[in-house]
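Worksheet for the structure shown next.
Order of writing sets the chain letters: A, B and C. Residues in each chain are counted from 1.
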C-alpha cells in the first residue's frame, strides 16, 4: 500500500517538474515584449471600455498613448482632465486639457407637444423606424422614443421617461463618451460644453421645416423666426434651414434668448426662476386658467 | 406539372376579393398632387409654375440625368401650387398640385379605343418615345423602362418575359388588365420585342387566373413568337428571378441582372403603357389600381389618374371601414403601410389594401427556436435567422459574406416565423447599411 | 374622430403560428404514447409523468423569476414538452425525488444556463436523463415488468428489457436465435408489450404521433427516416455477417429508445441542424453511433448518448453545410 503511495508521489512530482521546466522555456521563447508603461497607463484609465476615445477599449488607448509622441487627438472623455494629467505625468509628456462636455437631447417633442399621427408597430428600434418612414408624428426630425440610445449607454446615464416619451440624460452619470450621439438615427444628441452646476441653454429642436409647418406639428418647435439671433450679444446663435443653433462654445449663458422665443423652443436648465414682471405674471395665470377650462 | 421556381416559397391565402370585378373608370377628382419623383433615380424638374393652365397629357416635369423619368399631367386645369406632399414613405416631397377643370387632352393624343396593330417605328424610335412618355416599371419597382431597354455593353437579350403573375394576395389589377386589354398587351409585346430585337416572348400567369390564361393563350395564337406559360400558385412567383427560373430554367447570378442570362422582364401594366404611348401617343398618366380589403363594401379595380389622393379611391369603394387598422400601398407581403390617406397615387401604386384592426398588430415576439422555417421558405437560399442578429450587432463584414445583398425582401421569412421575429426589418437595415459601405468603397 | 393608422415594415400578414402552437402540437402527438404507457405501466407512469412535467415547469418558473429576473415564459409550453419527454425516458418506478432532480438538471443546466429557450446546444430532456443514468445507474436500469406492475409504483416488480436480456446473453455466449425465442415476438414489441422506459415501449403509438407531427408541419420526415434507416442498414449488415452474435435489424428498431429518440428527441427543433442536408448527415451520425454503442459498447442502449454527441456537432454542421443559394456563381463550362 505505502509503496503505491510513494510511487504515485514520485511519478507525479517528476511529471510536475518536467511540465514546469518545459513551460518556463516555452514562455521565455514566445515572450512578447510589452512596454511596462502600458500597464501603468491602463491602471489610470476608468476601465469602462466604452469606446468614447475612439479606440477599441481602454488597453488599446493605453497602447496608443504610450506609442505616440504627443497627446494630439487622444483623450479619455470618461476620465477627463484629471486622468489625462496623471497619464501625462507617467509618460513625461504635456497633458492636453479639454473642456468637460455633457450629452444633451435637442428635442422636446413630448407626447403632449408633438401628437402622434399614426401608430408604429414594427421592431422596437429607432434605427429601424427611421429606415422605414418619417415617424409617428408630423415632425420628421424629432425623437422616435424607441430607446436605441438607452440601450447603447454603458454608464446607465439614459432612461426613457414614460410620460414624455423622450430619453432623459442623468448629468451625474454622463461621461460624454459619444455613444448616444452615434446611436441616434436623427442626430438629436449633442456633446455640449459643460458648465458648473450643469447649467444649460440650448435649442431643443432639430426641425428644418418652414415655421408654419413646424409649429403645426409640434407646439415647441423652432420656427426660424430669428428673434433669438437678433437678441444675442455674443454672436453665439446661427440660423440655418429654418432652425436656430446655439454654439455652446460661444454662449456665455447670459439668458437673453429664452424669453424671446415665441414657441419656448429654447430651454434653460439649472438657473434660478426668473422674476416675471407683474403683467407677465397676470398673462401667465390667465393662460393657465384657460387651459384648465 | 406546372412550372415553378425551385427554392422556398409560401402559400399565403389569396383573398382575391376584387377578382371578378371589371375595371371601372374612377371619375377625375377635384384636385390632384402629382409627385415629381415617381421613379427610381433623380426627381424630375418642374416645367410649370403656379397659375399655369395644363392639359391632360402635357409634359410638366422633365427627367434629369440618365436614370430619371418624365412626369405628365393626368388632368386638365390650373396649377394651384408646387409644394411638398407626403408620399408613401411619410416624408414630404415636391409635387405639382392641380385644380381640375374639365378633361381637355393634348391634341396629339388619340383617345379612341380601336386596336392599332401596326408597328411604325424602328427600335431607336421606340426607345425614344418610351422615354418621352415617362414609362416606368409598373410592377412596383418603377425602374425607368427606357433605361432597362438600354442594355449594358456586351450584353444581348435572347427573349422577353412578361410578368402577369400577380403573386401578392388581394391584388388583381394585372388580372383585370389582361382580361380587358389582352390584345393591346400583345401589340405592346411586339413593340418591345422590336425594341430589343428578340424573337420570343413568354407571358407568365399564375394558375389561379384560368380565365386570363385562356384569354391570353387564344390571343397569342394570332401573334408570332408569344407563348403563355401557366405557373404554379406560389409566392413569390412574381419576383423577377423566380419568374425567369420558372419559365426558361435559368438562374440570374448573384449580384447580376436578368440580361446576364439573356432575359429582359416587364410587368403587363408596363407593356400596356408602352402600347398606349406608341400607338396612341398617350403618356403614362393613369393606371389600374385595386382597392381591396375585407372590411370594404365594394372592393374593385379602378382606372385611376396619377395624383388622385387615396382617400378618393377609398370613398369610391364604399368608404373607410370603421375597423380599419392599416392602409397599405401594394400587397400585404411587400407593400408600404401609410400613415395617412391623403397620399397621392403614383405610377407604382398597384393597389390599396385596408387591413382590419385585428390583423394590423404583430403578435408578441418570442425567442428564436432554430426551427429553420425561415431557411426552408427563403427563395434565395439565405439564412434569415443568422442575418437578423448579425444586422442587430452591426457585423457588416460577416453580413456581406452571408450574401444579404441577394435578399429580394419578399417577406416569406417573417411570414413563416413561429416566434414572430422581425426578420425582414433587420435584414433591410443590414442591406441599407452595407449598400452605403459598398458605395463608399466604389468611390 | 378618426382612428390612427398603424405603420410597420412589410410583411403585414403572417401565418399565425406561434411557439405555443408548435409545443402543444408536440404534446398532443405524445398522447397515444402516454395512453400506452399508462396501459402498460399503470400508476407508475402517471406519477412519474406528472411529477416530471410539474417539476420542469416549476423549475423554469423559479429560475426565470428569481434567478434571472426576466419575464416568466412557461406559457410557451417548451418546459411541458421537456417534462413529458424526460418522463418518457425514465422507468415507471423511479423515486419521485430523483424525477425532480432530473427535471431540475434538465431545465436548469440543460436549458437555462445557455440562455433559455433557443440557446441550448444539447437536448434538455436527454441531458436530464443521462444525468440520472450516470448518478443513479441502478434505479435507472431497473425496469418494471409490463402489465404486471400496473398497480405498483416504487415497489414494482422488475425485470430486464429485451435489449438488456440480449446484451447479457450474448456476453454469456448464447446464440442469438435461441435468445430470440425467449423474447416477445416482433408484433408484441411493435404494439408495446415489453419492458422499457415509459415512452419507448410502443412503436405504433410513436408512429401515430409522428404522422400527427408531419401533418401539422412541426417537423420534417428526414431525421427519423434517415436515422432509422441507418440503424437498419448497419444492424442488417452485422446480422447478415453473423446471425448468431447479432439480432435482426427489426428487433433493434423495435426495442429500446430508437423510435422515441428518432421521432422526438433527435428532431428537437432547437438542437437539430438548419438545412435538410445537415439533418441527413446528423441523422446518419446518430444512427451510426447508436449501433456502435449497442453492439460494441457496455450499455445495451445507445440512443441518448448518440443524440447528445451529435448535438455537439450541430453548430459545426450549420457552419459548413449552408443551403444552396439562388444564383450561386456557377463556373461556366
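Methods note: contacts are C-beta pairs under 8 Å (C-beta built on N, C-alpha and C of every residue); 3 or more make two chains touch, one makes a residue touch a chain.
Just so it is clear, the model here is predicted, and its values are computed rather than measured.
Asker: Quick one: point me to the chain whose Cα centre is farthest from that of subunit A.
Answerer: Measuring from the centre of subunit A, the most distant chain centre belongs to C.
Asker: Most central chain by CA mean?
Answerer: Looking at where each chain's C-alpha mean falls, the closest to the middle is B.
Asker: Counting only Cα atoms for the centres, state how far subunit B is from subunit C in Å.
Answerer: 49
Asker: Mind checking the centre-to-centre distance between subunit A and subunit C? Centres are C-alpha means, answer in whole Å.
Answerer: 52
Asker: With centres defined as the mean C-alpha position, give me the subunit A-subunit B separation in Å.
Answerer: Chain centroid spacing, subunit A to subunit B, equals 43 Å.
Asker: Could you check subunit C for residues that touch two or more other chains and list them?
Answerer: Residues 5-9 of subunit C touch two or more partner chains.
Asker: Using the touch rule from the top of the page, what residues of subunit B touch 2 or more other chains?
Answerer: Those would be 90, 336, 339-340, 360-362, 422, 425, 428.
Asker: Specify, in ascending order, the residues of subunit A that touch 2 or more different other chains.
Answerer: 117-118, 121-123, 128, 132-133
Asker: Give every residue of subunit B touching subunit C within the complex, in rising order.
Answerer: It is residues 7, 10, 12, 90, 169, 241, 245, 251-256, 320, 324-328, 330, 332-341, 353, 355, 359-363, 366-373, 375-376, 378-383, 385, 403, 406, 409, 411, 414-420, 422, 424-425, 428 of subunit B that touch subunit C.
Asker: Could you pull out which subunit C residues touch subunit A in their complex?
Answerer: 4-9
Asker: So in the complex, the part of subunit A that touches subunit B is made up of which residues?
Answerer: 117-118, 121-123, 125, 127-128, 131-135, 140, 209
Asker: Mind pulling up the subunit B residues that touch subunit A in the complex?
Answerer: Result: residues 86, 89-92, 336, 339-340, 360-362, 422, 425-426, 428-429, 432 of subunit B touch subunit A.
Asker: So in the complex, the part of subunit C that touches subunit B is made up of which residues?
Answerer: 2-3, 5-19, 21-22, 73, 76, 78, 116-119, 269-276, 322-330
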